[in-house]
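The two complexes that follow have chain A in common; it is paired with chain B in the first and with chain C in the second.
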Partner chain A sequence: MRDLLNVESLTISYRTRDHLVTALLEVSLTLAQGEILGIIGESGCGKSTFSSVIGKLLGPAGVVENGHITFGGKDVLSFSGQELRSYRANDIAYVFQDPMNTLDPTKTIGAQFRRLISASAWRQKAIEALAHVGLTDWRRVLPSYPHQLSGGMAQRAVIAMALIRKPRLLIADEPTAALDASIRCSVMDLLTAWCAEIGSAMIIISHDIPVISNYCDRIGVMYAGRFVEIAPAEDFIVGPRHPYAMALLASEPGQEGEDAVLQSLEGSPPPSISRAPGCAFADRCIYRTAPCSAGFPPLVACGSSKVACIRLGDIHGEAAS
Partner chain B sequence: MILQPVIHHWRDFNRADRLAGTASVTMMVLILVALLAPLLPLDPPDQVAAHPRLSEPSADLVFGSDNLGRNMLSRVLQGARITILLSAIAVLLASVAGVAIGLIAAYSGKALDEIISRFSDIVFSFPAVLMGLLITAIVGPGEFAAICAIILVTLPPIVRVVRAAAMEVTGTDYVTIAWLSGASPARLLLVNVLPNISVPVVTQVAYSISIGMLVESALSFLGLGPQPPAASLGSLLREGSVYITVAPWLVFGPAIFLVIAIWSTNLIGEGLRVFFDPVRARCLEE
Partner chain C sequence: MSQILKFIAFRVGSALLTLIGVSMFIFVAIHMLPGSFEDVLAPRGPEELRQQIADKFGLNQPLPVQYVKWLSAVATGDLGISLITQDPIADSFATRVPVTIELAVLATITSALIGIPLGLWSGLAHRRTAVSGIARVAGSFIMSVPDFVIASVFLYVFSRYSLGLTVGQWVPWHEDAIGHIKSVILPAATLSAVGIGLFITTTRNAVIGVLSKDYIMAAQARGEEPRDIVRGHVLRNISNPLVTTLSIYLAYLIGGAIIVEYVYSVPGMGRFLVQGLLNRDYPIVQATVLVIACAVVLINMAADVAYGLIDPRLRKG
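Moving on to the complex of A and B:
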C-alpha cells in the first residue's frame, strides 16, 4: 500500500510568555492508505498536538520547529490559502470527543449538513449519510436541534458529517469518550466500517485500550512527546514491549484473575518535556539502569513492532533485532 | 392573526419571569402611548395657556399644568417619545457597531484586540455625564449630542460582552469544524459565531437602552439635550424643579414616567437573561 501520511522528525513547541514548551519531539510515523492507527498515552503526552498539527490546527501559539508532514505526496506544512482550505475540507476530517460541542447548538442538523454539501442534492446525500450511521429516522433528525438528540445520536450525526465528503484521513479524538459504554462499540463499528468502505485511513486517539485494540491495525504509544512503541494491534495486546506500554496495559482492569490487584503506574508524566538526553520514562521505569539516562533510545524494530527502549533484550529475554 | 406567535412567545417569556412579562407589557404600553400621543384627545404639548398656570393634578389634568399653563400630560408624553426614541436610535447604532467591533477584536486577537480592548476601557472609564459634557462642547447641545453621548457610554460594555462571548464560541469544536470545512472568516463570524452569542448580546442591549434613557435624561436635565421648545423627560424635570416647592407635580409626572420606563427595561433585560438561560430551558422542556 502507498503511504498516505508521512510524518518526519516533527518537533512542535508552544510559545509561552518567555520560553518554548515542547509538545512533540522528533516524532516520525507513516500511515498507509486505509490504515487505522490508534494512539494511546497519558494526558499531556502530545496526542492532541499530534492530531491537530495534521490539519494545521495548532493555533497561534504552536510552533513547528523541525520536521515535515507529507500527505499524499504534498507538504502539508507549506499549505496556505486555497490549497489549505481544500486540504482541510476534502482530504481530512475530524471527529471530536463531545458531539454536543461539535454541533452548532443554534442550527438544525439539516442546516449543518447543508453547509457541508453545497449541491442541490444535499438532502438526499444527508439522508444517505444518516442511514449509513444507523439514523434512519431522518424525518426526525434533520429538523432537530442538537440538544434534542441523545449523545449517541448526535455523535452518529457528527460522524455522518465528517465522512460525507469522503475524506482520505479521519482523525478521531476520543470519539467515544462522551458516550455510554453500551453504544461505544456500535459507534466504533459503524465508524470503522464506513472508513473501510470509502478507503479512508483513520487515526484514533483514545484512553480506552480495549476499544483501540479491537478496531485498530496498529497502535502507537506516546510518552512525553514521542512514540515509545508502535506495534500491530494483535501483537500489542498480547505483549507490549516498552515498559511504559506494559504498565499502561497492566493498569487496565479486566486482564487479570479475580483476586489480582489492579496495577497502577506510580508518578505522572514529566510536567514539561525535557530535551535533555535520556529516556523520558526512566524516572518511573522499574527496569531503569544507568545507561537509560545517557541518550534517548531510538525506535528500533523488534519483531513486528518498533520500540524505543535500550533494555528490551534484558526485559523480554530476547535480542532486539 | 399575526399577533398569535407574538402572544405565544410572550406567554413563555412571562412564565419564565413574571415580573419581566409584566414589565414588557408596561413598556409596550408606554411606547405606544408616547408614539400615539399626537392622535390622543389631548392638548398639544406646546399650547400655552390651555389651562390655568400651575394647576394641581385633577381628573382632567392628570399631571397638572406647568408655569405657562401647558398640559403636563401632553408634555410628558412628548418628552417620553423623545427620550425613548433617542435612546433606541443610539443603542441600535451602538449595538451594530459594538457587535462588529467585538467580533473583530475576538477574531483578530493579538495587537488589534489589545488596541480595541484598551481603547474601550479608556472610553468606559469616563463617567457618562462627563462624556456628555465633552461631546456637547464639541458638537453643541441637542439631539445629536445626546445620541453621540449614549453611543459612547453604551458601546464599551457591548464590545466587551461580544468580545468575551465570541472568544468562548470561537474556541468550540463546531467553529473549528466549520472552519475546517472551508468557511471564510466573515461567514464564520456571522453564521457560526453571531447566533451563538446572541443571548448575552440581546441582554446587554436591553440594559443599554435603560442606560441610554438615563444618560439622555441626565444630559437634558443639565440643559445639554434637546433644546426648547422640544422637551425630553430630563428637561421637564429641570423645568419642574424650579417650582418644586409650589407645584411638585411638575416633577412627579416626568419622574414617574422615567422610573417606570427604566425599571421596566431593566426587568426585561433580566428576564431575557433568565429566559435564555440554557439550564432553565432544559427544565422547561417536558
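Moving on to the complex of A and C:
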C-alpha cells in the first residue's frame, strides 16, 4: 500500500509568555492508505497536538520547530490560504470528542449540512449521509437544533458531516468519550464501516483501550511527546513491549484473572516535556537502571513492533534486534 | 396557542406587578426625604399657612390613602398636575418624553454602530497583541470617563471654537430642523461616548469567548473561509450579549441622562425629574418614575423576545 501520511521528526512547542513548552518531540510516523491507527496515552502526552497538527490546526500559540508532514506527497505545513482550506475540506476530516460543542448551537442540523455542500442536491446527499449513520428519521433530524438531539444522535450527525465529502483521512479525537457506554460500540462500528467503504484512513485517539484494540490495525503509545511503542494491534494486545504500554494495559480492567488485583500506574506524566537526555518514563518505570537516563532511547524494530526502550532484551528475554 | 397566551399573560402580569412595586417604592421614598412641599413653598411661613398648603393638596392624609388616590387616578389615565405650576403633567410629558427618547435612541444607535465593529475587529485580532491591547485600553478608558467630564470638555471646546454646533441650547424640531440637528449632536455624542466603550468591551469579550468554542475549530477543520466563519458562526453567537448591552444601555439612557440634560439644557425627562424632586413636587416625581419604569419593562420584554429568536435553546416549549 502507498503511504498516505508521512510525519518526519516533528517537534512542536507552544509559545507561552516567556518560553516555549514542548508538546511533541521528534515524532515520526507513516500511515498507509485506508489504515486505522489508534493512539493511546495519558492526558498531556501530545495526542491531541499530534492530531491537530495534521490539519494545521495548532492555533496561533503552536510553533512547528522542526520536521515535515507530507500528505499524498504534498507538504502540509507549507499550505496556506485556499490551498489549506481545500486540503481541510476535501482530504481530511475531524470528529471531536463532544458533539454538542462541535455543532453550532444556533443552527439546525440541516443548515450545518448546507454549509458543507453547496450543491443544490445538498438535501438528498445529507439524507443519504444520515441514513449511513443510522439516522433514517431525517424529517426530524434535519430541522432539529443540536440541543434537541441526544448525544449519540448528535455524534452520528457529526460523523455524517465528516464523511459526506469522502475524506482520505479521518481524525477522530476521542469520538466516543462523551457518549453512553451502551452506544459506543455501535458508533465505532458505523464509523469504521463507512471509512472502509470509502477507503479512508483513520487516526483514532482514545483512552479506551478496548475500543482501540478492537478497531485499529496499528496502535501507537505516546508518552511525554513521543511514540514509545508502535505495534500491530493483535501483537500489542497479546504482549505490549514498552514498560509504559505494559503498565497501561495492566491498569485496564478485564485483563486480569478472577483473583488478580487490578494494577494501577503510580505517578503521572511529567508536567512539562523535558528535552534532557534519557527516557522520559524512567521515573515511573519499575525496570529502570542507570543507563536509562543516559540518552534518548530510539524507536527500534522489535519483531513487527517498534519500541523505544533500551532494556527490552532484559525485560522480555529476547534480543531487540 | 394557549401556551403562548399563558406566556403573554404571565409577562403582562409580572410587568404590572413590577410597575406597582416601583411606584410604591418611590412613593414611600420621596415622602421619607427630609423636607416637604410646604417647606419648599413657604420655608419661613407661619404654621397655619403651612397647614393650609398641606390641606389644599391633600398632603395631610395618611400615605396609603394618598397612594390609592394617585393609583386610581393613574389607572384612568390621569397623571395629575404639578403642585407648583398647576400644569397637567401629561402636557409636560408630551414635549419632554420625545426629547428623551430621541436622545436615548440616537445615542444607543450611534454607540452600537461605532462600538460593535470596533469590538468585533479587536476581538478577531485579539491574538495580535498590539491591536488587542490598544482596543482594550481604549474601551475601558472611554468607559471610565464620567459623562459630565466629556460633556464639560465638549462644552469648552465647542463654546470656544463654535464650529457651527449649538451649545447649551435646545432647538425643538418643529421650530428649526437644521437648528435642531445642530443642538442635538453634542448631547448625543456625549452620551454615545460611554456607550462606545461599553460596546467595544462587550463585543470584544463575546467574540473572544465564541472563538474559543469547539464549533469554531470544527468549522476551520472543515475548511470554511474565515469570512464565512465570522458571518455564519461568530456574529450569530455573539448576538445575545449584544442584545443585553443594547437593552441595558437604552434603559439607562431613558432613565438616567440627567447630568447631560443639565449640562446642555436639554428639556428632557431627567431634568424634569430632578426639578420635581428638589421642589418636592410629588406628582411629577411619581409620574416620571412610572413612565421610565414602563420604558424599562418594555425594553426588557423586547430583549427577551430577541433572545429566543437568536438562540433556539432559550425558546420555550
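The rule we apply is simple: the second predicted complex is superposed on the first by the 321 of 321 C-alpha atoms of A that agree within 3 Å, B and C clash if a C-alpha of one lies under 4 Å from a C-alpha of the other, contacts with A are read in each partner's own complex, and residues count from 1 in each chain.
The rule we apply is simple: a residue touches a chain if its C-beta (ideal position, glycine included) is under 8 Å from a C-beta of that chain, and two chains touch if they have at least 3 such contacts.
None of the values given here were measured: they were computed from a predicted structure.
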Joint occupancy of chain A by chain B and chain C, clash or fit: clash
Partner chain in contact with A:Lys74 - chain B first, chain C second, else both or neither: neither
Which superposed partner A:Arg15 touches (first chain B, second chain C, both, neither): neither
Which of chain B and chain C A:Tyr145 touches, first, second, both or neither: second
Touched partner set for A:Lys166, first chain B, second chain C, both or neither: neither
Touching partner for A:Thr106 - first (chain B), second (chain C), both, neither: both
On chain A, positions contacted by chain B and by chain C: 55, 57, 60, 85-86, 88-89, 92-94, 96, 98, 101-107, 115-116, 147, 161
Chain A - residues contacting chain B, complex: 55, 57, 60, 85-86, 88-89, 92-94, 96, 98, 101-107, 115-116, 147, 161
In the complex with chain A, residue positions of chain B that touch it: 109-110, 172-174, 176-183, 191-192, 195-196, 198, 282
Of chain A, residues touching chain C in the complex: 55, 57, 60, 84-90, 92-94, 96, 98, 101-107, 115-116, 145, 147, 161
Footprint of chain A on chain C - complex, ascending: 127, 213-215, 217-225, 228, 232-233, 236-237, 310-313
